[in-house]
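For reference, the structures are reproduced in the following blocks.
Paired with chain B in one complex and with chain C in the other, chain A is shared by the two complexes that follow.
And now, the complex of A and B:
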């Protein structure tokens, strides 16, 4: 009996059981005894939907939307640039390409940088933001730093992997000419990995826009902040306009980054 | 990294256009970066100067010490096993929220797997192309684009408006956003897979569901599960953020304790958060390896 169970419970069946079990467990933790919707939640939903026809389009409000979009964009770009500035050196160190030969000490150094990168990206940018606000006070700089830390953690990890994937023959050729590790990095690794590095950075920019939009949660101006304000005032028509601006901004950046990545692809 | 022969003989005009795209993109990126930093540093109080003041760092030091339990009246939360247990229950809720969110995203992506792939509607996978199929395809892709473009937290802000607080609204917000991401990736897998098995099945007279089951699933499922597991690692980090909005789990408690200045409690919640993140990362890496072996 036991043996038959064991032969039956292999691979796909085990996986399916695991997934079904996990879902059932998660459903069991939902508080079903209370009604799923608020009292009046349905009416509110209808009211929100009807507010789309038409959304708030007065010139004054559109100006607010444009300014909020620019703030979101500016914080995203600033955060991303700081993340690249932090992530690139860390990624180079984590990849271990600077080491002339492999030694135990070098390996420990690279591993500890990788651990640092993992720690940076294990906390969500908004949690970093809340911690920064408590530690150094509320300011745009705190929000930018909060965004740059986890993004640098992700960029550093991916940069390290891309540097390690560089073909080894040109590197070996450079080394036989007696180039120092720094020169090998500057004239070998970085130029060869550049298309992929740029490609991934542009891909991340799209995520950066969304991250910057929700930085409003700690009180930084931007689309998310305006959405929060309009929701609090029950001005659903304004919420729709802001959502349209947010989607347009994300889609525009997505379009741009796709074009860049396509032009970089081999 | 390999270049195939066809790509090497790409017309020169196309290559030139690629380079010009790249050039203006780099210029625009540089201009944007300069403008963004100029705006932030010049526009009133950016807080940049504060980073170089001693008081800022003294405050930060006090805050970090507070997280570790210094300066609390009585025993810090770390020293109380009861607090560990109570916050552990919240951590379990957060984990359940992330699993439920992945269920919503995965279930939705599976349901929309076929209509969301261009190769289905244009008849590459057998069957006849139809205008209705193309319309549904476009609708699904626009739906993915919208759900993806709006961040989880904004979805949560909207959803807590209608639903009672708890892990369900949080899971729904996370699920909707990730449906857009996983759905698009999976549809692209279906578009790129080898159409031969599906066409052969169709030619042999197999019904739609059978083509899906025997022609598409076996090829697409490993990638689908891999995407789902990757997203799970992101989702577990985001559950806390969604929880800020009364959506239950660690996040709500985190925000409340933060505003009450109970920093030792915040430290304990952070410890659980990090534990969850590491556990999910390890589990996901293990499962991803299994999935690939099959």
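And now, the complex of A and C:
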């Protein structure tokens, strides 16, 4: 019995047990007795909900919404484009597919890139934004960089995995044509991984819209900024309209990604 | 060491040495014996069939020849035209020396037949040409000719998923023709095809390598195909050489004994067995 317990308690299992234990402990420390909403919160929530009907639909406000959506979308696309430009090469390096033959040096190089990617994505975009604002002040560039860095870390990590998961037979066949790793990447890994790479990138763009919307506090215009203004004036009907525009943007990206993926299906 | 040799379309140079020399090449995978020490010489222009039950070492031998696997004693145990394929870096020298056609599943499903065929030129192309060709295919005419020779001229823009097994294998042969190496290897190229398709594909492979005066080494399991198309047949079993005969001397009895079947039994079911063989 002891013997079996010892063989069962391998490193990864111990780690899992430890993490689950820590989670359970932290949950037990939460003071559930405290009311979740402050006193009078129920009445305020009701007021917000009732304000949904009807959302503010005046021509002038709709115009503000369209411009704000346009800005949010532009920041999201700019941030994501930069994230893809950074994340793709880093992901390729982290995947190790460029190694001609396995060697200790190559493994160390790939591991260092993976570490860099982890560092980039372990800091939230809002924290990056604070750092950039401290460094260069309020500017659109700060917002774009703050989004691009953690997103590149996430994309690079996922790209590396998608490249490694490509079927091995076509890759082996390309190698026997005397093609170098970079050519095998172009004619094997990338075409085979492309549908998944795109699909994941679009999904991340949806998250990027959400992130761009809350970047308003570093001074960029957009849906988030408008929500802030309306909230300050307690104009909840306007808030709901803005949220509807935000949802519409995400739905539009979803529709676009479906179209693109369908055109790539083989 | 010879200089980098361009793709040769003319006659084979006559040399006293065999084109391929294998000197006590062996391969052990951890606990498994892939190939026991084996020595062989193969002359230019020969067409060699490799036979043997699943796990007998055929794929190991072919991968040693292709240079995608290094023999335990070092890359020098296998030499083609004086060069050790396993020690060559990717590039024109390796591309011109040896290439391999495998079972199905080795085309890139997401690229049209045209690009799959053009991939045979990747060993020769500069990086700039390789990139450009993805968008605007270069050497389109050569690729179309190669596809026409395997009877697929009308399938040039078709993706492999829309092609039958036999058609996919013919695309792989067209890619091999674009590469045009001195030695053409084929690992069970007809194993997953029905007998009629197997006959067609084997006919193409043999005909085209003979036309370009190349040397062919292929693993397969069908005695009738071997007698018709191959000049020599090498039998492997449990990673050892069992026989080395002229192709026309292979009888169903010899093959049945190698595979542990009763002598004279019908050999066709072996094609089915082979389909499951890695």
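What to note about this one:
Everything below uses one rule, namely that the second predicted complex is superposed on the first by the 213 of 266 C-alpha atoms of A that agree within 3 Å, B and C clash if a C-alpha of one lies under 4 Å from a C-alpha of the other, contacts with A are read in each partner's own complex, and residues count from 1 in each chain.
Just so it is clear, a contact is a pair of C-beta atoms (placed from the backbone, for glycine too) under 8 Å apart; a residue touches a chain by one contact, two chains touch by 3 or more.
On a predicted model such as this, the values are computed, not experimentally measured, just so you know.
By the touch criterion defined above, A:175 reaches chain C but does not reach chain B. More residues of chain A are touched by B (comparison of chain B with chain C).
Of the two partner chains placed around the shared chain by superposition, neither chain B nor chain C is touched by A:83.
In the superposition on chain A, A:218 contacts neither chain B nor chain C.
Once the two complexes are laid over each other on the shared chain, residue contacts for A:167 go to chain B and to chain C alike.
Using the contact criterion defined above for the overlaid structures, shared-chain residue A:197 touches neither chain B nor chain C, since it reaches no partner.
Once the two complexes are laid over each other on the shared chain, residue contacts for A:130 go to chain B alone; chain C is not touched. Judged by the touch definition given at the top, the superposed model places A:188 against chain C, while chain B stays out of reach. Shared-chain residue A:68: touches no atom of chain B or chain C.
Chain A residues in contact with chain B (one complex) as well as with chain C (other complex) are 167, 264, 266.
Of all the residues in chain C, the ones that touch chain A in their complex are 66-68, 89-96, 98-100, 102, 105-111, 115, 119-125, 127, 130-131, 134, 159, 161-162, 172, 175, 179.
Contact residues of chain A toward chain C in the complex are 100, 167, 169-170, 172-184, 186-188, 191-192, 194-195, 264, 266. Residue ranges of chain A in contact with chain B, taken from their complex: 11-12, 15, 22-23, 25-31, 34-38, 41-42, 44-45, 48, 70, 73-75, 77-78, 81, 122-124, 126-127, 130-131, 134-142, 144, 167, 202, 210-211, 213-214, 217, 224, 227-228, 231, 239, 243, 246-247, 250-251, 254, 256, 259-260, 262-264, 266. Across the interface of their complex, chain A is touched by residues 1-3, 7, 17-19, 21-22, 25, 32-33, 35-37, 39-40, 45-48, 50-51, 56, 59-60, 63-64, 92-93, 95-97, 99-100, 103, 145-146, 148-151, 153-154, 157-158, 161-164, 166-168, 171, 225, 237-238, 240-241, 244, 254-255, 258, 263, 270, 273-274, 277-278, 281, 290-291, 294 of chain B.
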